[in-house]
Amino acid sequence: MSRNENGAILKIEDLIKKFGNFRALDGVSLEVDKGKIIGLAGPNGSGKTTLINVVSGVYKSNDGRVIFNGEEITNIDSHKIVHKGINRTFQIPKPLLGLTVEENIRVAAVYGAKDKGKIEERIEYSLSTIGLVDLRFKKAESLTSTQQKLLDLGRALATNPKLLLVDEIAAGLTQKELKMIADMLLGLKEKGVTLMVVEHLMGFLDMITDEVVIMNAGKEIFRGSIREASNNEEVIRVFLGG
Amino acid sequence: MYRKKGIIYGLGITLLVIVLFIFLPNIYNNTSFLFNLMLYMALAEGLNIIYGFTGYLPFGYVGFFGAGAYSAALAILFLHFPPLIAVLVGGIGAFLIGIIFIPLLKLSGAYFAIANLAASQALYYIVANPNLEKITQGPYGISLANIYNPQVSYYVMLSILAFSMVTVIFIRFSDYGLALLSIKEDRVSASLAGINVPRERSIAWGLSSFIAGLSGGVYAWYVAVFYPTTVFSLEISVFVIVFVLFGGIGTLVGPLIGSLVLYSFYNFIGISTPQYFQLSYGLLIIIFALFIPNGILSIFEKRGIHVP
Amino acid sequence: MLSYALIGGIMYGLYFGLVGMGLNLIFGVMRMINLAHGDFIMLGAFLTYWLYYLFGFNPLIVIPISIVVFLVFGFLMYYVFVPKLLHSKDPEMLSFILFFGVSQVIEAIIILFFGNNQISVPSTIFAKLFNVSTFTLFGNTFPISWLVVSVACIVAFVLIYVYFFYTKLGYATRAIMANRHEALVSGIDVNKVSAIAFGVGIAAASLAGVMGFFMIGAAFPSMGTDLTTISFTIIVLGALGNPLGTVIGGLIYGVAIMLMQTYFSSWTNVLPYLLLIFVILIKPEGLLGKAVRNV
């Protein structure tokens, strides 16, 4: 281990999540270093989204531990996890459809951050970061799916996250939109936010990540740069389905 | 800005309602109709808090009303409380029942509605059980004849209505209301916006049950004689739900309009020929569910006219 | 006492299995709670009463008539309401409210035609037909009508079983229950199959109404709400969305009611409601069911 152990903002230890007899997470352990963007890839059903769901409190794990900033947060409720400084986006965005764009952001800004000051500022910051200032009074249900993804991200940002879990945001985007989102995520990193990005598109991961973790069958099988990954035999075997 | 304006309009409407109900008895002598209208308006606003903002359809809402009526009556009969305090006891009694029912909020959609219906029926069968005659008088009903006072209880009802309206105004135009609407939209997204979903919805549930309990308490005082079948009648839940649906959920004015129009209609044909009334409100429910699920106020909203 | 309660409870339970059957079938296929379910039971009872006093029909003759009438009615009702509901934002909640409206309309119409009265057919009707009034099982004597109803219920369950597992239609119905969208993609005429299932559900409810006089006594226009709640209890006790699980739910319910009536009779009324709340909080998909929550 060459990485700086003290720099880990998130530590996942032997996490197990079962659905009936199926082990979606089969004792996965990994660490995310503070201030970095880590990519998370792997074939369908390898447990990437489940991992995000467990870390963000949407699912409860069966065993193992999640440690954030040195504090154990395993299986505590989502809103508490949000208050600790973790947030996430959804693969299929889940904005509050009946509310306006601004209301979506506002409710997160008011309820999501520990620091109750500067609410209006945080709303404006989130709206301008995701570029939906002009649509602030539109209902979320009238947005395009790309705009809904951005709103989902905006909701997360309004809670002032230190760690942001991004679940397959690039799927279905145009090349121009991809570039825009990549810049946005890199901008967040500049501001000190740590990111874990689940993604299928290796090109997208290559644009933004410092390191990638490859998962298969609920476990980490590789960690390193994308270049190394593409030369790793096990990774190749897993992706080719051999 | 929008919120400030909403609160001002809302309080203005509340004032108007108060003034109207103070003066109406002078020109319209059917005060029992006016009392019941206020009662249904207050219940409709109370149900609106939990259904309109949070999306839980409380089919057993009448359970709180009945619990309030009985708590108040028992406080008068056994503890010899003055009626005004007894009404408050009614509110608290219903609130406590609400706390017992909090686990039901884990359910969603129709599951919640049915479980809540079952809960209110269970309450009814317990209160009306002949084995409890020494406490609740069982099925034989309650008589509070010696404190009968329709004048004072009329104004107490009016204050409860005003209280329910002010509660709805502050929910509708506050961040708390936004949190409740978020829970209604999607519980997972709401909790990822940092909302403590179980806590916020329980508060709304508590407020909603408290208003129904106060209404039940003052009803017990106003009528002075009642039976378990009257105050636990499913018809009360049904009326209130339909009134709210008709007017428009999640607004201040919708439940008032729904109660005014439909309860007047009920008074007009419902008492003499209840089956025609039942038929027409059954049809109304079908039409609203199919074509206007958000109530008549939504028609204005669509044209860009905002109603508080 | 105990053996009477148990045997009687089983016969009672078979009947209550039929009471809950239609609600569960419709829930399984449409994921909708037919809040007018109890009112269709009531309609079945009124049809029986009407045909008995007008033409002297025995309830056994009413059974096929009732099945045909309500199958067609349910089939048509599906097309009027359900496709539109399925396209709405919140089908589960809206259908719940809509069927509540339907229940009010049915109740009002029955009161308009028959008045707000209790009705019944003579309980000796089967005794006269078969020339015996009671039968004895393990030393306990029961009215012959209970046996007739139990047999009719078992026949109904067998027919539903055959429809489900031995016909093409049943295969398609089960496919829709498993996944409506995939069934649509694989070329099943989802609306038609669902409409038939809806009709079968309504017909099963009406059948419970035909038999009701002999098990739960007189019928009256506002009996529907309680029956809907009881049916819901039964399907939650069994398995939500699995029609044949209803039989188990009915049996549990029937035996529980009989035991209550034998030992704590004054609290029998509360039992179904407490049972429902208890089960729904612990295992909302039903005691024997797989997870179908949040669908």
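Per-chain residue numbering starts at 1, and chain names A, B and C are given in the order in which the chains are listed.
Operating definition for what follows: contacts are C-beta pairs under 8 Å (C-beta built on N, C-alpha and C of every residue); 3 or more make two chains touch, one makes a residue touch a chain.
On a predicted model such as this, the values are computed, not experimentally measured, just so you know.
Asker: Which two chains have the most C-beta pairs in contact?
Answerer: Result: the chain pair B-C has the most contacts.
Asker: With chain centres defined as mean CA positions, report which chain is farthest from subunit A.
Answerer: C
Asker: Go ahead and note the Å separation of the Cα centroids belonging to subunit B and subunit C.
Answerer: Between these chains, centre-to-centre, one finds 32 Å.
Asker: Distance from the CA centroid of subunit A to that of subunit C, rounded to the nearest Å?
Answerer: Each chain's C-alpha centroid was found; their separation is 48 Å.
Asker: Could you give the separation in Å between the centres of subunit A and subunit B, each centre being the mean of its C-alpha atoms?
Answerer: That pair's centroid distance is 43 Å.
Asker: Return the residues of subunit C touching two or more other chains; collapse runs of consecutive numbers into ranges.
Answerer: As it turns out, subunit C has no residue touching two or more other chains.
Asker: Given the complex with subunit A, which residues does subunit B contribute to the contact?
Answerer: 175, 178-179, 181-182, 184-186, 188-197
Asker: Once bound in the complex, which stretches of subunit C touch subunit B?
Answerer: 33, 81, 84-85, 88-90, 92-98, 100-109, 111-112, 116, 225-226, 229, 232-233, 266-267, 269-270, 272-274, 276-277, 280-281, 284, 293-294
Asker: Name, in rising order, each residue of subunit B that touches subunit C in their complex.
Answerer: Touch list, subunit B to subunit C: 55, 57, 103-104, 106-111, 113-115, 117-119, 121-122, 125-126, 129-131, 234, 238, 241, 245, 274-276, 278-279, 281-286, 288-290, 293.
Asker: Provide the residue numbers of subunit A that touch subunit B in the complex, in ascending order.
Answerer: Touching subunit B from subunit A are residues 56-58, 77-79, 82-83, 87-88, 94-99, 103-104, 106-108, 110-113, 155-156, 158-159.
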